[in-house]
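My questions will all concern the structure given below.
To keep things simple, chains are lettered A, B, C, D, E and F as they appear, and every chain counts its residues starting from 1.
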């Protein structure tokens, strides 16, 4: 039973890591302009943060809309 | 052991993404050797990608925590 | 049970693709909140993506059936 | 034996679903312009259909050409 | 048997990539049939992709061999 | 023991095949212009070769830099 819980937790972590990789991939394309230094500049840093937040807002929108479709049909 | 494998897989995925993005951006026309400026770009790009990954990780985890501590799970963050 | 899992996996893949395409198109520069117009775009984009998925499914299945009912399997549809 | 058949059918369905996802992905990029409404307009709908048909025509071309290469070598 | 499966998987991956790249390039606006010029483009594109895959394979393998025969494994090729 | 070695060798080959596929994918985009003939022309051929070599140079750079980070921290 403890083993099972351990396995599930690890699987969940792997899913989270996966989401973080694909969010970084997508938001890097959207937010990062020229590569002049190795730091995120004052535009890029908030853009990356907003990108994560807005992506999650939008995913919730989708789930809500799907829910509405299902209950109304 | 499982954890270590997961960490290795995670690091590998990160390195793969760094190479994908930074080769794309810093080496538009591959020639007979990497120039100084290509090397400089690559090294900055790698640092930047890792900073971006860190920023995303923090934001993602903090969002998750806000959502779980608020009432609903789905309804929480959409407005 | 196997079937249900497959249906869930399929729905998940669809939702993932919707988010990928629609975030790309409707939220070019993420700011401090989703604007009304971004929300409207997202919701239309989602509907459109699902309509596109439906159109592809129908066409793909009908093509498969045409190919299987014609003589050969490979030679059937290329001219 | 029935179980085996069931498993194979399910695997085949999964492959088909996969093809449908990647076709939708590709053809959406090719055919869908501005997102103004949630419906496919009178240009987009036939474009999606043609996209599926032409992709499959083209894949058959590839298989045929590979076949020719193999038999002529 | 394992080897044969691997070879089949490899060929499948190659065909998938050919279709992905060549459909993208040769059929920008799919219409009611493949035109002669689209077919010609597709067939040249396929040949070209396979030539590219061959060039990459050779170069990759030769690089690997150079690296393994030189002193270190990681330090060997970077300058 | 021999079986184990066989399995590991096959796994290694699969990884190499995978790298070759993704390098071809990436370098084809970078190096191939218009599709006029089925052969690689005199610009495309060396471009593909350089692309593989430079990609591997660059990956080594990344590994070296990560190594430096780890030992200096």
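As a working rule, contacts are C-beta pairs under 8 Å (C-beta built on N, C-alpha and C of every residue); 3 or more make two chains touch, one makes a residue touch a chain.
Predicted model only: the values in this text are computed from it and were never measured.
Peer 1: Based on CA centres, what chain would you say lies at the far end from subunit F?
Peer 2: C
Peer 1: Weigh B-F against A-B on C-beta contact pairs and write down the one with more.
Peer 2: Spelling it out, more C-beta pairs touch across A-B than across the other pair.
Peer 1: So the centre of each chain is just the mean of its C-alpha atoms; given that, what is the distance between subunit C and subunit D in Å?
Peer 2: Once rounded, the distance between the two centres reads 11 Å.
Peer 1: Measuring centre to centre with CA averages, how many angstrom lie between subunit A and subunit D?
Peer 2: Measuring from centre to centre gives 28 Å for this pair.
Peer 1: Between subunit A and subunit C, what distance separates the C-alpha centroids? Give it in angstrom.
Peer 2: Here the centre of subunit C sits 20 Å away from the centre of subunit A.
Peer 1: Hunt down the residues of subunit D that sit against at least two other chains at once, touch-wise.
Peer 2: 27, 31, 51, 53, 57, 61, 63
Peer 1: What residues in subunit B touch two or more of the other chains?
Peer 2: Residue numbers touching two or more other chains: 22, 26, 43, 46.
Peer 1: Over in the complex, which subunit A residues touch subunit C? Could you list them?
Peer 2: 26-27, 30-31, 47, 50-51, 53-55, 57-59, 61-63, 65-66
Peer 1: Would you pull the subunit D residues touching subunit C in the complex into a rising list?
Peer 2: Result: residues 6-7, 10, 13-14, 16-17, 19-21, 23-25, 27-29, 31-32, 35-40, 44-45, 48-49, 51-53, 56-57, 60-61, 63-64, 67 of subunit D touch subunit C.
Peer 1: Okay, in this complex, where on subunit B does subunit A touch?
Peer 2: By the definition above, subunit B touches subunit A via 2-3, 6, 9-10, 13-14, 17, 21-22, 25-26, 41, 43-49, 51-53, 55-57, 59-60, 63-64, 74-79.
Peer 1: Name, in rising order, each residue of subunit E that touches subunit D in their complex.
Peer 2: 15, 18-20, 22-24, 26-34, 38-39, 42-43, 46
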